[in-house]
Amino acid sequence: MLESDIYTVNVGPIHPSTHGGLHAEAIMDGEIIENVIVHLGYVHRSVEKIAEGKTYQQYVPYTARLDYLATNLPVLGYCQAVEKLLGIEVPERAQYIRVIMAELSRIASHQIAISATGIDLGATTGLMYGMRDRERIMNIFEMTGGQRLLSSYIRIGGVAADIPDGFIPAVMSLVQDIPGMMDEYNGLMTGNEIWAARMQGVGILTPETAIQYGVTGPNLRASGIAYDLRRAEPDGIYHRFEFDIPTRNGGDSLDRWQVRIDEIGESGRIIEQALEGMPNGEISTRVPKVLKPEPGKEVYHRIESAKGELGYYIVSDGSSKPYRLHVRAPSFINLMVLPVICRGGVFQDLITNIATLDPILGESDR
Amino acid sequence: MEPLFINLAEAFTGWMISLGLDPGWAEAVLLVVKWIIVVTIITVNIIILIWLERKVSAFFQERLGPNRLGPFGIFQTIADAIKLLTKEDIVPSAADKLIFKTAPMFFIVVAVMLYTVIPMGKGMQVINLNVGLLFFISVGSLSTIALLMAGWGSNNKWSLMGAVRSVAQMVSYAIPLAFSLLGVVMITGSLNLQDIVLAQDKWWFVILQPIAFITYFIAATAELNRGPFDMPEAEQELTGGAYTEYTGMRWALFFLAEYTNLVAVSALMATVFLGGWQGPWLPSWLWIIIKTYAIILVFFWVKWTFPRIRMDHLMSFSWKVLVPVSLGNILLTGAGIYFCRWMGWC
Amino acid sequence: MNGQGLIKGLAITLKHFFQKEITEQYPDVMPELAPRFRGCLRFEFEKCIACGICVNSCPNDVLSFETEKRDKSKKKKLLSYTIDFQYCMFCNLCVEGCPTSCLSFDHDFELSQFKREDIKMIYLRPEGLDEAQDSPADQEEQKDKEQKQIAAMLKALQKSPQKVLSKLLEGEEDINILSELIQSDQKTAGKIAELIVKDKEKAVKVATGFINKDRKNRAQKGENGEGGDKDV
Amino acid sequence: MQEFNLELMIKELEVLMGDKLRIGSDQFFAVLNIESNMLTVLMTKLRDEYGFNHLANLSSVDYGEEFELVYHLYSIPDNKKLLVKTRVPRTSAELDSLITIWPTADWQEREVYDLMGIKFKAHPNLIRVLLPEDFEGHPLRKDFVMGGRS
């Protein structure tokens, strides 16, 4: 019997498949992963400390930079948290616009997840198709918010500006094309035997482990738990829309991947309903220039972001700046499960698992 | 048009003999000239191929590909080559320098050697070896050593992992590769590639040996380290695999060698399964080019569609599927030959 | 399965091989930008009133300006305006806040510079701007405007003193005292209205003075045993 | 488990914990203020007997003399919620780790340690998670001096 040694391979922080600045130290026995040690903080920008020095309105653009691939979702969560803190009501029209923008962001984020998984597994063409479709959403964001990636279009009390001309047809045509896009992703990748072989049974996350480790979002739903905050704790107007919560039962990489593709379709349905039901009216409540919540009041508000449960914990001391702001970042918590699901797999599974957990480092490192 | 190059060669030898050279020496000089021509063709061909792959992959992905330098961006590769040539040559301080430096040269030399036996037209060949096919297979598998040298010499975990993977892969796939060619050899009864081409004047072997054709295609993709079997490189996993530490022209040599191999393997495939240089109307040397490029395009198509296969799946696919299937094919071919003889067809 | 998926994938890529490419040919063909697109932040010196709202609203301290006190009026004279563009987050908060819309984003998105210092945009006071702003006619107009403002303020003060005063004296509890006083006394109301328009700080001082005086009076009365609530 | 009833639960816990537990509530949550040495007991009870299986958020606030630890508990899938708070003095900022109750506390506690400087007893791997290992100080403390823009 030959003696074998354990060795470490540092995947990242500079590595093609780490989605930013993730550093996963793989401890390997041959091709088998014994353990993974995740090192974070390469994109740490101390956003929680910054919040203590900014007024509530000034902080809005910073939140957009948490999950920069689904930019409207973290902004929406923050604005809703502040509105909860101050008891601000948001006009109906703004609610509908917010839902449309949030769901578009979710689609954009999932498309990045799909594209990135594609390229991580060597299907370069999958990357290009995903990015091509995402580009249309970016154009819609540019049209409404003025910026493609980090528009900070949602504001405390409503949205920054009304939707422009050409918005509704653009969104409508996008929504109509979503089934075609899904067919294409499924045809090129999901149905592919190599693809299925690389993902099936890889990185299995049991529902028990998922809950213990606080995993949320598509990763939890792929483990068979239909838990979606849009349904479980609907803030705003999500209860008005009809949509399904896509789930899978295996909890492996293929399930996580498929849940994301299915969610694109469901988001499309929500957008369609929101476009139909959008009333006319104000797009923002009149919000005072200086926001001063009651001293000592605190709020924990959570929304279903593209990556999972995104929570904001804000403590006010009565001044115009938050006394303490904490972001419960889904990527941060979802990443905790990476070593658990990687153990016993081969090295290539690590890449698959990182890709299908879909962490975003801007959010996890904050 | 047909005997253009043969006439040229004959004229050349004739001219040298008229200068008073011994006919034997004239042949030797011709061989050197042939070699130089082959190397030139390879180099030019690769410049076109790299451009073609970039262009084709772009079209698969709804992009334009290189389009700035020259018509359709054809000069892009030349610009890239100049860039690579002028780049700093970095040798890692911890590397095993001799092995590190010789690996790319070894790789390209082995790749170029493959061209000696490929029939590039009617009577056109650098050397007409009677064991041409055997030569091709054995020299072709030498490139494994080059990759192992690169991986070992770099003294880098990624490189070593890439190298180990590629050795495992290429050794496993060399077997079905050889086995799938055996069927053809059994039918023709010769290892000479010209004979194999001539045996296909009625039926191409792709029709007689369809299973062998498919297994050969798959095994060849793996031997070429092309997607979906691009384990040694696997840039999304191994950041560049065996080539991680290479820069500039040394890296480019690997790249060149891979394309050289691609053309050689495609040309062999055209020779063995698609009737080689045989074809109507056009001259024979044009036919082999057309067939080779058709196969190369299929290689591109496959690479730019499929994801990378996992290492253990790759190995089990070779040993559990390809090897038995190609062995079965040999059995089938043998039975078929006996059946034909028994029926008196051949 | 068994290869069907592979063939389907090949069919999809082959279909796209013959489709039209979607590449944008930048910089040969410039992209079409939406009207709201935010490229470079621009500043118009003539319009600026040096109110500082933009500086206060900016989350990342991009904006700053220098002013000089004018001789006669309370308004400040803007000397220079600096946009330290490398820190800009393109959030549009300054543009939305600006009362005279002297800040705006244009469509120029090619913002890279060779040197870090070049990113900073400094607008200096253009020559010849002073005369235009300080002309006598202008001052007259200003005075007129002020008078009008005072009149409006007085009206508001008399109509709903509580509202105006609570805005003025944030956190003060005894606004009632003063509001009663204003409603009963024309002269005091006029004085406070003028002060609010001209000098807010002084107005606050005077108003709190009134309140404190009243409070003292009451306290004394309370001590004299005439009852009344002591908490006031 | 019988039908969940928040008031009943609080009553039961009050009886059990006595003066270690103070009940409060705000606009959004029922708040349990527990003394830090009883935290693990309470949390184990909440998870095992009342079904709070999802520790959504673990955070900390600096209140000068004391640090407040904040735990937002939810249950999946029936979505009941609870806020548990505990305080530790600044001078000896230390309390029990919840990692054995909810593994998700692992990195969240490391983050609190990293940014607020509160130590968790029995945490197997209490090292900085976001900041570099050689970083000095804990930035989310109110007395942390920040460097300016150079």
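A, B, C and D label the chains in the order they appear, each numbered from 1.
To be clear about the criterion, contacts are C-beta pairs under 8 Å (C-beta built on N, C-alpha and C of every residue); 3 or more make two chains touch, one makes a residue touch a chain.
For clarity, every value in this text was computed on a predicted model and none was experimentally measured.
Among the pairs B-C and A-C, the greater number of C-beta contacts is found at A-C. Averaged C-alpha coordinates give centres for subunit B and subunit D that are 64 Å from one another.
We define each chain's centre as the mean of its Cα atoms; on that basis subunit C and subunit D are separated by 40 Å.
Averaging C-alpha coordinates per chain places the centre of subunit B 70 Å away from that of subunit C.
Averaging Cα coordinates per chain places subunit A and subunit C 34 Å apart.
In subunit B, the residues that reach two or more other chains under the touch definition are 60-63, 304-306. Counting partner chains per residue, subunit A shows two or more touched chains at residues 125, 129, 132, 188-189, 192, 194-195.
Annotation for subunit D: no residues touch 2 or more other chains. The chain pairs satisfying the stated touch condition come to A-B, A-C, A-D, B-C.
On the side of subunit C, the complex with subunit B involves touching residues 6, 9-10, 12-14, 16-17, 19-23, 25.
Those residues of subunit C that touch subunit A in the complex are listed here as 1-6, 8-9, 11-13, 16, 22, 33-38, 57-60, 89-93, 96, 105.
Taken in their complex, subunit A has these residues touching subunit D: 40-41, 44, 46, 48-49, 84, 211-214, 220, 225-227, 232-233, 297-300, 302, 309, 311, 313, 315, 323-324, 326, 328, 332-333, 335-336, 365-366. Only residues 7, 9, 15-17, 31, 118-126, 128-129, 132, 188-189, 192, 194-195, 197-198, 346-349, 351 of subunit A touch subunit B when the two sit together in their complex. Subunit B makes touch with subunit C in their complex at residues 56, 58-64, 301-302, 304-306.
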